[in-house]
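Can you keep this structure in mind? I'll have questions shortly.
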Amino acid sequence: MTAPRERKAGEVADHVEGVLEGDPDVVVRAVAGIEEAGPGDLTFLAHPRYRAALDETRASVILVPPDVPCPAALTAVRVADPYGALQRVLGWFDPGFPGVAPGVHRTAVVDPSAELGPDAAVGPHAVVEAGARLGARTCVGVGGYIGEAAELGEDCYLYPHAYVGRRCVLGDRVVLQPAAVIGSDGFGYAFVDGRYRRIPQIGIVVIGDDVEIGANACIDRATLGVTRIGRGTKIDNLVQVAHNVAIAEDSALAAQSGVAGSTRIGKHVRLGGQAGLAGHIRVGDGVQVGAQAGVIGDVPPGVTVSGYPARPHHEAMRAEAALRRLPDLARRVRALEKGRRDGSGEAP
Amino acid sequence: MTAPRERKAGEVADHVEGVLEGDPDVVVRAVAGIEEAGPGDLTFLAHPRYRAALDETRASVILVPPDVPCPAALTAVRVADPYGALQRVLGWFDPGFPGVAPGVHRTAVVDPSAELGPDAAVGPHAVVEAGARLGARTCVGVGGYIGEAAELGEDCYLYPHAYVGRRCVLGDRVVLQPAAVIGSDGFGYAFVDGRYRRIPQIGIVVIGDDVEIGANACIDRATLGVTRIGRGTKIDNLVQVAHNVAIAEDSALAAQSGVAGSTRIGKHVRLGGQAGLAGHIRVGDGVQVGAQAGVIGDVPPGVTVSGYPARPHHEAMRAEAALRRLPDLARRVRALEKGRRDGSGEAP
Amino acid sequence: MTAPRERKAGEVADHVEGVLEGDPDVVVRAVAGIEEAGPGDLTFLAHPRYRAALDETRASVILVPPDVPCPAALTAVRVADPYGALQRVLGWFDPGFPGVAPGVHRTAVVDPSAELGPDAAVGPHAVVEAGARLGARTCVGVGGYIGEAAELGEDCYLYPHAYVGRRCVLGDRVVLQPAAVIGSDGFGYAFVDGRYRRIPQIGIVVIGDDVEIGANACIDRATLGVTRIGRGTKIDNLVQVAHNVAIAEDSALAAQSGVAGSTRIGKHVRLGGQAGLAGHIRVGDGVQVGAQAGVIGDVPPGVTVSGYPARPHHEAMRAEAALRRLPDLARRVRALEKGRRDGSGEAP
């Protein structure tokens, strides 16, 4: 953990290719949210919700969109995408992943047949089983578990208590948050004579480069073949990905969402929090699934769906609006019926 | 674990400030549910669902509301709130948290720079990183992880496999159930040129006194600043609390509920199981959110909401009732249309 | 892990009691999904979704229902239930659970008063507390935790990081996936004077024979008495089972479903993914609950329910269909009202 360096507003503007309004020599030493920031802090305005906080922030410098008026005392760096700019600036102040000393901790248990790349690190109480391979600089945190013949690429970082099951494969720069589970057995049973019989789950999980998996998330191994998470895809905490699911590149699954068995998800797909996808369906590239939506059939590329059962978002919104007016509609139908019973064709 | 002591019905009545009906010298040695209780057991009736079991219970003594008739053989202690009375009585029989010997277990790994208060306990295979501090009598269970410079107050109890990340702060008497995760990285990415770039999550989690966090629940650290859980708030198993969320005092989040980033929750709020709150919203004091509800906008104090999208409960119930009658309503509209086509203004 | 043996198509047909169409001497060396299979692989067709893949599969042998036409080059084994047949065949190729050496690993911490049956295994960094008992051949994987006086039957297999709390009881052949939590404290508080007071959770969990519990799933101990999971019931990843729930035999709970406190579930019940059951209700034998359904009242035996609040599936589907036509219905009511205002009884 290296101490964050001081930066000047002018350096910030150069780094994010923004337009500076104010004193280029103002110094920032840290980054903070708009409501918590104080003198010496750099802050940002990304969500319109916080525009009201702009007049009261005590920050020294702010990343802000071009069209938002700023108080005169605040040095502004104007950029089209303040959140993206924040990402670039935060690297300066990021202490990085908690360090784990390269090599094998004296309390770790590593099978002699396991292969560790240069500067790979195995932390306290971690276990690496026979035939497993860790790429260069890959780090298995405290209490981590790497199963038999599992393969991890280079520069992976596994937070404490992560689990990678037998024969599963991780690409380069994969990050597992605490207690993420890769390669649990899929939920597969044959129901025979009134009882469930276990279907052996003999497939694996293959995770691409630059994937991140959240805390306590579960990725089940395939019954046969592969459960696949494509390069760059990000999976949040407590997400369930069932056996034989395939997710393409650069998708994002928000917390507590779930994907049932054998479903295929395209690239650039987003699942909202607590959304659920049925098994054996196909969700096209660029699809966006609303929070808590339940998708029970195929979704063509580029569509935004919501509700249960999920349908195109504008339809769901129309139905929702109609539902809110439904008690009123029922009252109007009663009025029409009454008019008819009264033998009257006229308006009341 | 100390053996529960024997108590007499009269002592029970005194302890809970209840009114005794029956023999004050009946002895109870344990507490049991109304259907499982036997002779020598104290039981209780809190939920009306179990009133029918009253005539058949074999318990010796029962905590029961004033207005409920009891069989003559049963010694009754009448109290307005039997569940609250149960809480007071159970302390007599509670074996307490599983013991962990004070000091550092020989298999634990504690950095020399960590500070342990008097009678703090670090269990087998637990790890305490550099600069962490544990208050007096705080107990880190088997396989627990305390990150660099984390601070735990006094009398905290961490069940096995709990995780407290770097620089996170816990107050006094905080309880973490097994494998609770405090301080995982928030789910923050900037989407640039079709790929997600990681936003460093350099904030922390601050948890107030008397908070309890459920098994496998996740509380993400803030991007910047603090994710905050207020004093006395209780969080159930498998709950997700995202980065920069703030929850005030004495709220309760039931199992599998989730709160998206930067949302603020007041005090005395209750979330039902599997409820979800969108990001960047404000939920006022005393709000109650129904199970599985999806809240997508601000909720003023004191309101009870349900459904998706969540709305005031009575509105949701009206819409729900109307929805159930919708097929009938459609039939009636068809009848009206038919009547009109037939040129008839009369009732059928 | 033993190498899978070679098998001939004729052996496959005999083993699953199927009808062979093609060459009985074709050799299979592995099992694979229909789209991934190559020469030497056995595959299967269970879900109609994949029927189109039949013409293109490169598998050597296929398990297939009687009525599905097969390409001539493919040797077919016809069976009524291909998925059940797959289960029987996979046993040949199943490497079994990852091995843990019998006895106590040198890094494990086992209390001298714990009792281990013949060939029981306690893996690296596992902990077994005082008075706990493990049956013959039961295996506690890496980092597992067995609490004080807990009892595990014979032939149980606990994947790494599983947790079994104090005094909980597991039958024979129970499987816990990674980080499953059995016996966390129930979420029980008395709300007194504006604050939650902890109700001690002094009951236990009792799990029957042949139960399997998913990764990161949580089964809470009872407040008093027992939380019970019946023989043969299968519970998927990230499922929540609250205190004092009772689930009978041979039921299945899909991923991320949740059951609130004291609810009773019959045998042969199925919960879909993300389904939720309210507390204190009874769900009869053979009930099927749709994915994401929210059950708020008792459900009689044999009924299929869906939606929120859950109702019989055909009603939910009717309401859903009516909801989709609701904007149209509103338009038609407006037309009727207009007709009436125009003083016209005629059709437009």
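Read from first to last, the chains carry the letters A, B and C; within each, the first residue is number 1.
One rule holds in what follows: a residue touches a chain if its C-beta (ideal position, glycine included) is under 8 Å from a C-beta of that chain, and two chains touch if they have at least 3 such contacts.
Everything quoted here is computed from the prediction, not taken from an experiment.
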Could you tell me which shape the graph of touching chains takes: line, ring, star, complete or other? complete
Tell me whether chain A and chain C, two copies of the same sequence, contact each other through the same residue numbers or different ones, using over half shared as the line for same. different
Chain-centre distance (mean CA atoms) for chain A and chain C, in whole Å, is 25
Where in chain C do residues touch at least two different other chains? 107, 125, 143, 161, 179, 216, 238, 256, 274, 292, 308, 323, 326, 329, 333, 336, 345
Looking at the complex, which residues from chain A come into contact with chain B? 1, 31-33, 36, 47, 49, 81, 83-84, 86-87, 90-91, 93-95, 98, 105, 107, 124-125, 142-143, 159-161, 175, 177-179, 210, 212, 214-216, 232, 234, 236-238, 250, 252, 254-256, 268, 273-274, 291-292, 307-308, 320, 323-324, 326-327, 329-330, 333, 336-337, 340-341, 343-345
Once bound in the complex, which stretches of chain C touch chain B? 107, 109, 125, 127, 129, 143, 145, 147-148, 161, 163, 165-166, 179, 181, 184-185, 187, 189-192, 194-200, 202, 216, 218, 220, 222-226, 238, 240, 242, 244, 256, 258, 260, 262, 274, 276, 278, 280, 292, 294, 296, 308-309, 311, 315, 318-319, 322-323, 325-326, 329, 332-333, 336, 339, 345-347
